[in-house]
Each structure stands twice: as structure tokens, then as C-alpha cells.
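In what follows, chain A forms one complex with chain B and a second complex with chain C.
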Partner chain A sequence: MSLMDWVVSPFLDYGFMRRALAGACALSFGAAPLGVFLVLRRMSLMGDAMSHAILPGVAAGFLLSGLSLTAMLLGGIITGLAVALLAGLVSRLTPLREDASFAAFYLISLGLGVLLVSLRGSNMDLLHVLFGTVLGLDDDALLLVTVCATITLLSLGALYRLLVAECLDPGFLRAAGGNGSLVHMAFLMLVVFNLVSGFQVLGTLMVVGIMMLPAASARFWTRTAAGQIPLAAVLGAAASLVGLLVSYHYSLPASPAIILSAGVVYLFSVACGPQGGLLDISRRARGAAH
Partner chain B sequence: MAVREHMGGGAARLAAWLCALSLVVCAPLARAADEQPAGPLRVVASFSILGDMVRQIGGGDVKVDTLVGPDGDAHEYEPTPADARALTAAQVLVVNGLNFETWMNRLVKTANFKGTTVVASEGVQPRDFDDDDVGGRVSADANHASGHATHVDPHAWQNLANGVLYARNIGAALAKADPSHADAYRLRTDAYVAKIQALDQRVKQAFAALPPERRRVVTSHDAFGYFGQAYGVTFISTMGISTDAEPSAADVARIIDQVKVEKVPAVFLENVSNPRLGQRIAHDTGAKLGGTLYSDALAKPGLPAATYLGMFEWNLSAFMAALKP
Partner chain C sequence: MVVGGPRAPARISLEQASFGWRGRRAVSDVSGVFAPGSMTAIVGPNGAGKSTLIKGVMGVLRPMSGRVTLDGAGRRDLAWLPQAAELDRSFPITVHELVAMGAWRRVGAWRRFGMPERERVQQALAAVGLAGAGDRIVGTLSGGQLQRALFARLLLQDANVLLLDEPFAAVDSHTVDDLMRLLGACHAEGRTVVAVLHDLDLVRRHFPQTLLLSRHVVAWGDTAAVLNEAHLRTARELRDRELA
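Here is the complex of A and B:
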């Protein structure tokens, strides 16, 4: 089997592989750029926290109208935004810092979600029923992730300058005109939107992993946000391709394979990245010693 | 050391509080356990199918509490305090056995259950999960490790002949626990067994009438091993034994190939797992998408599949609708 066959034939032969690749790439293009901003703002763990926070909304949507993408999407967005807003409010009004108030609200939300699911009496494992698999994408699901990626990219384009300014100096916008919290909210909304749509389509691990790992890797290769954003998206897409192929050829579960591929990229970047990678640092240290 | 001494007083006070608190909480529980409730025999069944069997056999002489209700996944269940309370008050506990209810031992200990435990599957010829009749390695090592403790397939009730054993085991246990109604239990057991056997004949005939190449089905979770063995149907599962295993791209590709090559007529979905993967496979292969099958849990009361026999009737008509040439 030539390399070409190895890479191309699974996608030629199977519709579900093409769909998986398209879905994972769409997710990479939407979520990975958001991850870059999360890394810049030192909010890397927020994606993970938010993914738990949206559970009650998704559960409520599921309980009200079954496996309907729209209902679960709406529910997830409402709770995700409520948690983000409340956490932001508490951290602004009280001395509690944002990470702590986030943790508090996401735990409350998670508890509420588990409660809601149990209330119905039915005890199927919510995670396996609600959260899809990358190998089972249908038209609706694919449409949802691509729309989400499109909206994310357009909004990031419109808000780019403000976002970068706020990342570098959160006080700047507030001092300049007071749009800071608005931009912050819009940004959180995008994160929630990506998480919720990604969840139902691809599963928890996939969406948080694709959001954070390529972003963290990109940081080792280029210094500017303008460079990191496209690089993160491409790295995410590449990890998806490799992960799917590994899953296909070595019979491994798909989403862990994709995330581990992104993980390998990250570890390589930590070691060899020219912007603060370990090799780079040791070389510079040697240079300084000479 | 200094720190610990400093904290000693506080810790002792805390411990005293906890003791007092636990006494307050436990006292009513202990009282409840001591009282022998008059009236119907109180039975707890681990999941909906056993609950229905107990109800059929016990009739008005028993009060049944079912822990994992309709549409619930008994593979993974988190017992609630209400479950423990029901179990504490019960005289008989009915479980499937064959390592199905992995969470039950803990619950029995917590609830301090002192009654009789009936293993409904006693006497069943256990069947191991094997790789021959499933889509491939989907159901191999990884899934076994995460789902069940051993390789024994617990879904024995999917063969009606085993259902007869279940009914007899439950009937005998009820008669023993409540001798004053023993005759009534025996009568109802015999009537119920007769119904199960009649349905068993009908299912056998229905499948025997199908051409062999039509007796192939894809399902989303490997719960129909006993069914396949008893009625001569080959099941290809997309998810493996437990409901929580994620398939690999290779597995899905293999199933798609198999469905195409062997011209498997239909893909079925189950009431306890995510339907998307099954839908995808049906779409990619052109196989028919059969209705929802009930495997590990009954439907809600009022629906046709809300009883054990109703579930079998439902599954049978779903199979026939999709498999008849």
C-alpha cells in the first residue's frame, strides 16, 4: 500500500470518513482560533469548566424535546451564558477572582444538570446519549458545526482588534470607551456556541481538545496572535486527519486518536518550537553563557 | 506536631457532632427496618424487565419497587437514597445476576438488606461474548474491561426459554418468602410460563420462515446474543457489549463492508443508546433503518413494549417488518 493509498483511500471508500474529516476540520477552524485567545487571556481551563456548565441546559433541552439539536443547542447556550455572566458579575462585584467564581458556578450548574437528568427517572448515561461521535455525523450535525465555524470566524474578524487590545491590557478598553465588557461577553458567547454545537456533534473530549491543544502548540511557533490563529486552525485540521487515519488503520477509537495526535503536536512544539521551546531555551542559555 | 495538637480540640468536637448527627439520621432508618410491615410482600427488582415479571407472578400479593426504570440503562446506574430505603424495607430482592448489576453489592450493603436475594438467571446456560458474531474487534478487550467484569453475556432474558427459567425462579422465591400465598404464586407462575412458551414458539416459527440470508441485523449495542442463538439470527453490533464504548473508524468501516457484502437487510437502534451511528451506517450502506428495539429496559407504562412479553412482541414485529423479503 503506497502512502497515497494509506491517506486517501479511506476517504474515497467511506462516506462516514469524509463527514468525520469535514466535521473535525470545521470544528478546528472555529474552535482553535478561540483557543488562541483563551491561551492569551490565561483562561485555558475555562473551556473545560464551561463544558460542564452547559450540561443542565442541554439536559433540559433533551428532556423537553428529545434528541433535537435545536432544543439542546438553545438550552446549552442559555445556561452557558448564564454561568459566564454570573461568574463575571461576582468577580467584578466581589474580591473573588474570576477562576474561582467560574469554578463555583460551573459546579452548581453541573449538579443541577445531573439532578435534572435523574428527575426524569430515566437513568441512561446522559453523556453517551447526548454527545455524539465523530463517526456518526448526519447532515444536520455537519451543518451546525460549519455554521458555527463560519459565525465564529466572521465575528473574530470583526472583533479582532478589540479582542487583542483587551487581551494585552484589560484596562485599556474600559478606559477608552467602556466597550470592554461587551467584547468580553461576545467572546464568551462564541466560546459557548462552539462548545455546545461541538458537544452534540463530536463529544466533549473532541471539542475541548481541539479548542486548546492546537492553540497551545501554535504559541511555540509564532509570536503574534495574527500568526497563531491560522496556525492553530491548520494544526487542528492536521491532527484531525492524522487521528482519523490512525483510528482507521489501527482500529483505535476515533476521538481519542484525534486528540492524542494533537497532543503529539503539542509535545513536539514544547520541545522544538522556536518561540520558547525547550531546545530554543537551552540554546539561548548556552549562547548567553558563551 | 504542634499544628496537630492545635487542631485536636476542633477535630474532637467535629467528630462528636458527626456522631450525634449520624444517630439522628440513622435512628428512623433502624426503626423502619425493625417493623415487619403487614400487607403485601415487598419486593425490589433491579431493572424494569424483572420488575414486570415479579408483577405478573406476584399479582396483588406483592408490592414491587423497580430500581432502574423504563428506558433506563442498568449497565451504569447510580442508586439513590430512595432505592436504599426501598431495599431496606423489602423482604425479597430480585436481580439478574451474570454480572449485570455491578452496582448492586454496594447498594445491598448500604441498605443493610436482610431479606432473600433471588438470582433470576439461575440455571441459565451462560453464554460468553465472542468475536464471531459481532462486527469485529469492537466488542473485544477494551469494551469488556469497561463494561462488565467478565466475558459472560448477561442479557439472558433475550431468549424466551431463559425467560421461563426466570419466571420459575421468581415464582419459587415468592412462594418461599410468603408461604400463605404460595398457591396463588404457583398458579400465576404456570399461567405466565405458558404464555412465554407460546410466544417462544411464535418467535421461532417467524424466524424459521425467513430465508437464512435475511436473518442478519446490525444493532447499536451487543444485547442480542442469546436472542440470536435461540432464534438463528446473526447480530452485528456497532458499540460492543456495554453502552459506553466508542468504536474506531476501522470498526465502522468493517461493519459497513460486512453490511454491503452480506447484504444485511436492516440496521436497528436501541432505546438506551445514541442513535446517530446506527443512522449513519444505514445511510451509507442503503440498509433499511428498522425501528427501535428494546433490549435492556422496557418502555414507559402504556406503551406496547412496557412488559416483558410486550417487549418481545414489539421486537418481533420490528424485526419482521424490516427483514421479510
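Here is the complex of A and C:
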């Protein structure tokens, strides 16, 4: 089988593969740019915690209405935002810092969510909620993911200056009359929206991977934030493509394959990336020594 | 200079103003006036409340009691150079973009950042001696270069009143000289300058007015009259009493 065949024929032959690719790519285009800001704002753990926070909401929706997308979505958004606000409050009002406060909520959410799903559903249902059904995306799921990606990209375009200013120098922004908290809230809502729309594709456990890994990798290839955003989106799409192909040809589960592909890209970037990768650092150290 | 021209006079009055946070007063009962076009240095021992006072004048902190009044100027006419702490130096952004933030009040979050503004950024960079550095990433700048860039941002704001909080901390003397010359030029244009400083020699050489602070105003007026041994000793004693 030629390389072209290996890469293209699964998508030519099977509708579900095409939908899987479309869904995963759309998710990448929305989530990865957000991930760049999560990494820059040192909110990576918070992103992870929020992806687990949506689980009890999704599970509650599932308990109440079965596999109704709307119910699960609504539940996910409510608990996702609730955890973000609660954890923020706890860290503001008590001596507990944000990282521990988020970790606590994330563990509680995960436990609660798994419990809720197990109450009514089978193990299969639990697996689908945790790991997604990228190979079984229906029209509603695809529509949701594409709408979410579009809204995210448009919002990022509009809020870009505010996001950068709030991240770079929040004191200056405040003094110059900009509204930092509004931007922060809008950003959190975009993150929750992406996590919730993505759970059908990759599952609540894995969806944050497509948000974080391409973004973390992009940092090693371009100097500026403006460059990292499109690169992260492209790397996410590429990981989706490779992951789906590997899963197809070697009969492996699809969502872990996608995330592991993103992981390989990340490891390669850490090793060989020209902006602060390990090779780059050692080359510079040797250069400085002479 | 950058967006130069004669300034409308701006006068800042404080009446029994006290500032602090979380219920603790850091500086109390400050009364006095920063006259239009004046150049005042705020000095005092560590913990004297100098940064807090600057934040209060800027409006970042509300007074716990008393008031701050601005005549002939609004909040938009004040520019503040804080101690570098809140800036995220590792953010991947170019010097040009950092300096461009200075145009925020004119351009805001959504208006177009056009050619005239871009040229102002170039002029500001040239004024601080960073003419070719626009494309460099902020994280690669030395301490002195970063301070120059922050100064350029301050210039771009084109404000009537410049409030600087320890602008020369950990900065090389060459940079201090250059930036001091710039401050002098701003003052010559009629802008009001207020700076928190530690180097009393610098203050004596360049600042006609001084406010000596140690949780309360110890003395405020002509530098020569304020910076005498008696006042400095009082300031130190006040600080020691607080610590005891």
C-alpha cells in the first residue's frame, strides 16, 4: 500500500472517518488557541481541573435525560463554571492557593461524576463519557463543535489585545482603564464551552489534552504569542489526523491515539524545537563555552 | 518630545489623605499640593508608604480617609510607572508591542492601531535609546533595557502627570543618566513629575521639590530645606518606632 493510500483511503472510503477528522480538527481549531493562552497565563492546571469539573454536570444530564446532548451540555457548562468560580473564591478568601484549591475541586468532580454515570449507565456509557466517541459523531455533535470553534476564533480575534494586556501587565491595564476581570470571565467561559463541546469527541478525561499539548509544543517553534496561536491549531489538527490514521490501521482506540500523537509532537518539540528546546539550549551552552 | 507641546497645568491636592489596604494604614494624614509643572521626589526609609502614596495619587488605591483632588486633569492625564513586579517578563511579545500598550487610552481594546501610532512608538524607542530593538522579545532584554522600554511606554501615554515608583531600582548608572535626562525634558515641557527615589544625591541634583515620608509627612517643600539632617533623623526615628 502506498503512503498516499495509507493516508487518504480511510477517509475516502468511510464516512465515519471523515466525520471524525472534521470533528477533531474543528475541536483543535477552537481549543488549541485557547490552550496557548492557558499556558501563557499559567492556568494549565486550571484547564485540567475544569475539564474534570464538567464531568458531574454531564453525568447529571445523562442521569436525568439519557444521552440527550442538550441536557449533558447544560449540566457541563453549569458545573464547569461553578467550579471555576468556587475555586477562585476559595483561593481569594482563604489561605489556600489556587493550585491546591483547584486540585481539590477536580478530584471531587471526578469522583462525583464517575459515581453519577455508574448509577444509571453501563461501563460502556462511562467509557464514552470519559474517552469520547470520536468515531461515532453524529450531526448534532459536529455542528456543536464547529459552532464552538467559530465562536472561539471570532472571540479571540476581538479580545486579543485585552487578553494579551491582561496577561502581560494587569496593573497597567487596570490603571489605563481596561476591564481585566471581564476579559478573565469571558476567557473562562470560552474554555468551558470548548471543553463541553469537545467531550463528545475526545471525552472529558482527554479533551484537555488537545487544548494543552499543541499549545505547549508551539512554544518551542515561534517566538511570539501571535505565532503560537495558529501553529497550535495546526499541530492539533495534525495530531488528530495522525491519531485517527494510527487508530484505523492498527485497531487502537481513537481518542488516546490522538492525544498520544499530540504527545509525541510535544516531546519532539521539547527535544528539537529551535526556541528553547533541549538541543537548542545545549548548542547555545556549547557556543557560550568557547 | 514624542507627542510634545505645551501642557495644560494639572494640580494634585491631598487633604488629610490616608492610604492602606486590608484595614492597615500604610501612610496617614497626607496634606499638600503637587503644583502644576512641579518636579517632586518622594523619599523615605523602607516601609514608609511611598509606593502606597503613589498608588493613591494614581487612583489605583482609594483613600481610607481624606481625599485626592485633581485640578485641570482627569484620571486619563496621569501616567504611572509601577515597580516592575506585575509585568510578566516571560510573555512572548516584542518590545514594540510592549511599548505600544502606552497608546491604550487613545486606541483602546478595539480601535485600529494605525501608522501615526506606529511612528510614535518608533520615536519613543529612539528617545530612550532602543531604536533598533523593536523586534526583540521582551524576555531577552537586560534590566536597564527593560526599564528603558517601560519608559518609552510611559512617554507614549503622553500624560500631563508622570508618577514613577522607584524607576531606577537595579538599573545601571548609564541608563539612570539617560532616563533622568528624559525626565528633565518632560518636566521642561510643562509636565508634572513625581518620582519615588532612594538615591538622595540624585534627588539633590535634579529635583527642586521633595516630600520626605515616614508613614506620615515629615517635610514637604524645597529639596534643600527638606533634606537636612534633622528631618532625615526624624524620618528614621518614626520608622524605628513603628517597627518596635
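Quick notes on this structure:
Going forward, the second predicted complex is superposed on the first by the 251 of 290 C-alpha atoms of A that agree within 3 Å, B and C clash if a C-alpha of one lies under 4 Å from a C-alpha of the other, contacts with A are read in each partner's own complex, and residues count from 1 in each chain.
Just so it is clear, contacts are C-beta pairs under 8 Å (C-beta built on N, C-alpha and C of every residue); 3 or more make two chains touch, one makes a residue touch a chain.
Keep in mind that what you see is a predicted model, and the values were worked out from it rather than measured.
Contacts of A:P274 after superposition on the shared chain: neither chain B nor chain C is touched. In the superposition on chain A, A:A225 makes contact with chain C only, not with chain B.
More residues of chain A are touched by B (comparison of chain B with chain C). Of the two partner chains placed around the shared chain by superposition, neither chain B nor chain C is touched by A:G111. Contacts of A:L168 after superposition on the shared chain: chain C is touched, whereas chain B is not. In the superposed model, A:Y250 lies in contact with chain B only, and not with chain C.
When the shared chain is aligned, chain B comes close enough to touch A:L137, but chain C does not.
Touching chain B in their complex are the following residues of chain A: 10, 13-17, 19-20, 67, 118, 121-125, 128-133, 135-138, 141, 244, 247-257. Those residues of chain B that touch chain A in the shared complex are 68-73, 75-78, 80, 136-137, 142, 243-253, 256, 272-281, 283-284. Within the complex formed with chain A, the residues of chain C that make contact are 58-60, 75-76, 80, 82, 86-88, 91-94, 97-98, 101, 104-105, 108-110, 137, 153, 157. Interface residues of chain A, counted against chain C in their complex, comprise 40, 158-159, 161-162, 164-165, 167-178, 219, 222-225, 228.
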